[in-house]
Amino acid sequence: MDLAIIVIIQVLYAVAGLVIVSAGLAVIFGMMKVINLAHGEFMMLGAYATITAHGLGLNLWLAMLVVAPIAVGLVGVVLERLVIRRLYGRMVDTMLATWGLSLLLVGIVTSIAGNTTVGVSAPLGSFSIGAYSVSSYTLVIIAVAVVLALAIRWVLTKTSWGLIARGTMQKPEMADALGISPGRVYSVTFAVGAALSGLAGALLAPLTGVVPTMGGAFIAKAFITVIGGGPAILAGLVSASGLFGAINQLGTFLTTPVLGEVALLFTAIVMLRLLPQGITGRFFKGSL
Amino acid sequence: MTAFASSWRSAALTLAIGVVLLLALPGLVDDFTLIQLTIYAVMAILGVSLGFIWGFGGILCFGQAAFFGLGAYTYAIAVINIGDSTIPFLLAIVVPALFAALLGYVIFYGRLSDVYMGVITLTVTLILFNLVNSTAGPEWKIGSAPLGGFNGIPGIPTLNVPGDPDAVLSQQSLFTVSMVCLLLVYAGLRWLIASKLGRVIIAAKENEQRVLLLGYDARVYKLICFSLGGAIAGLAGCLFANWGAFTSPTIFGLAMSAQIIIWVIVGGLGTLVGPVVGCVVIQWLSTQIGTQQTFNSNLVLGAILVVFVLLVPRGIVPSLGDVIAAAWRRRRAPAAKQAIPAPLAPTETAG
Amino acid sequence: MSTPLLETRMLNVRFGGVHATRDVNFSLQENELRCVIGPNGAGKSTFFKLLTGQTKPTSGQILFRGKDISNMQPHQPGQLGIGIKTQVPSLFNGLSVWENVWLSARRTNPKAKADLITRDTLERVGMLSHKDNLAGLLAHGLRQWVEIAVVIAADPALILLDEPAAGMSDAEVARTAELILEINRQHALVVVEHDMSFIRMIAKKVTVLHQGAIVREDTPDRVMADPLVQQIYLGKKAH
């Protein structure tokens, strides 16, 4: 019985991890059809922002939940204006340019912060379930993922900004008609996506160790989750995270963490072959 | 491409230059430089493999490093087990080609788009990296060859003259063999591009719908193109394993895949010479960067990639080609101005 | 009666709520020339897409020389002997006019014969002088002729032309009509068009589509005099 609870928690944790890691990319790809291959590096910047702020004395939670998203959101605004904006509609060129940005960001951070891994310990300690010990931080991750999903839903459906953004993605002229420049909408959307990526990096900093190349471990998983999810931003994010997260975790239980990852990646390939439009291209059509 | 670029004359010229370099360089430079040039030649082969499938086949593969790595590892494992290098050399080409064929089947017969192609190829190379990286324990071996995990496989026996396992290639000979391979690959691809198979591959990239309506099964042509790219990358991998007598999982890494893409973009997509030029330029630049401390290679390569995508999207070779072609035309124009204008020719619509 | 070259039986296509093709029973003999007309949205292009495997039928059958071809892979119609010039010309824009036609001829012919066929075909459509021009840079009317050349170079038994005279000058339209009649000596053709004077130049039999179904099939004169057809085209000029 205890084992069952542990398994459930770990699966939820894996799913939550994917939701958090992929949310920023889902917003940017889902709303703007921009493939941001610098997503992992946005996460990395969020992690560094966190440890820098924390190192200067700021409370860890504030550093993670406030400083990181804002810092990376600003970086997002700058990059959108300088680079991304010139490549709208050119999907392959966007992929290439953002790949270049990812290398560039790794290079810049390495020059400033060096190559060694910096650690931050996971706050809140752990608790026990029967004979097993579970890190409380695991529950934090699960909770944040749920809040994040709900927040995205709320912003997109209940706020005027969300509605304008969704409308502009369908028809840019709509923004003009409302007296808002589409460029502004794109900037803000990209910044929000970047901020979410920064938040993800910040939250994961205690778990993975912070090093300039940490982004590389997440980019493929985030990608696959977003593309596997399909056109609906939230439904796709949640369903794909659910599927891949569960498989990853089960694979890890049955074999090794490495094989668990391989299982995730392999499932993705098979799934894309069967559902080329992603999950929400076939199921839950028309949902958010 | 200009008429000159696509003619057999440009191929002959390029091959002639290549042969001259092949014959002259060993005598002209010292051993250390020759070693450097050898790796340029090997990486150039890898660059050409991507330049071919991408520039002519329209296949953007984010994981060409996967086939490169498979070639290196296949050669290493086979030659450690077999001793004589002839079969390992062939396997290093065939195994990646088969893998590419399998992957290509999944992608092309599933009619997946460009973007998905990029994601899947990226994913595959990551899977390979993860798998090979975790094989460090002594229990991980194929035959008598330990996989070595993140430590890699050291002490890989060098290519030998077929049939005589003791007659291994010297540094000089390795350079010659690598250059010969590069020239053969170049010549072979130029010939292929001019053939029916090549024209259909190019047409499928131009307008897949029209190619299908003409009765060509575009999937087969793409599959052939992609597999060939895998084979050539595998060849480069085999030569790479020989060059360093060592191979490790970083060969499957994202960094490697990114580099290959950068060579092609910088050198020029749509030509075969472009990737060679791009590769040499970037490799040289990387070596220079390695000698100083201010800028690290990620920073410079990343900046180059961004700048080229934004400002010089066609790459060095086509842009240079345009400049030369324009200058050529200007040299001839003064003569044309003296020609008497022809009377209005009757048009086809006179029915 | 001999087996029709092309036949459709109760052919239906639905896209979501749209019934684009409705119980179409169409029959074409070898070497026949048929025009298909209908207002915009009548289902003419959808009909062609069904014949070339770009759209799959929801129900019904398509038979080519008696063989069921209802569910084909997109490359199969071309291999069976069905060629199409699409409504928006679909060519290899980055390749020369010669290469465009050559690729079509080369599929089933060795190199030397393909060269010959390419030359002859370009001459037939009057585009030989443009053989080295890039297809993408040609004017619209010329692109149509190149595409016709591309289609006939493969020597298909059935040629589908979707608005071959669109965007052409009067002189070009007359030339195109001449070309079609010449092609008809050895190939069956189905031509979708709007221009009634053009249709009169080429057609003996016209099929009228309306809202996905065939409503009339007769000679051009009788079709044009038909009150239902006139009503369908109400507001449009029908000479």
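The chains carry the letters A, B and C, assigned in the order they are written, with residues numbered from 1 in each.
Here is the rule we use: contacts are C-beta pairs under 8 Å (C-beta built on N, C-alpha and C of every residue); 3 or more make two chains touch, one makes a residue touch a chain.
What you are looking at is a predicted structure, and each value in this text was computed from that prediction instead of being measured.
Chemist: Kindly list the shared contact partners of chain A and chain B, in label order.
Modeler: The shared contacts of chain A and chain B amount to nothing, since no chain touches both.
Chemist: Could you name the chain whose CA centroid falls nearest to the centroid of all protein CA atoms?
Modeler: Located nearest the centre of all protein C-alpha atoms is chain B.
Chemist: Using the average of all C-alpha atoms in each chain as its centre, how far is it in Å between chain A and chain B?
Modeler: Measuring from centre to centre gives 33 Å for this pair.
Chemist: Measure off the straight-line distance from the CA centroid of chain A to the CA centroid of chain C, and report it in whole Å.
Modeler: 50
Chemist: Centroid from C-alpha atoms only, then distance chain B to chain C, rounded to Å. What do you get?
Modeler: Centre separation, chain B to chain C: 42 Å.
Chemist: Taking the complex as given, what residues does chain A use to touch chain B?
Modeler: So the residues of chain A touching chain B come out as 35, 83, 86-87, 91-93, 95-97, 99-108, 110-111, 216, 219-220, 223-224, 227, 256, 258, 261-262, 265-266, 268-269, 272-273, 276.
Chemist: Taking the touch rule as given, give the residues of chain B at its contact with chain C in the complex, in rising order.
Modeler: Going by the criterion above, the answer is residues 196, 199-200, 202-203, 206-207, 209-218, 348-351.
Chemist: Using the touch definition up top, name the residues of chain C that touch chain B in the complex.
Modeler: Its residues touching chain B are 52, 54, 73-79, 83-84, 86, 90-95, 99, 102-104, 106-107, 111, 126-127, 129, 150, 154, 169, 171-172, 174-175, 178.
Chemist: Note which residues of chain B are touching chain A in the complex, please.
Modeler: 60, 106, 110-116, 118-120, 122-124, 126-127, 130-131, 133-134, 254, 258, 261-262, 265, 294-306, 309-310, 313
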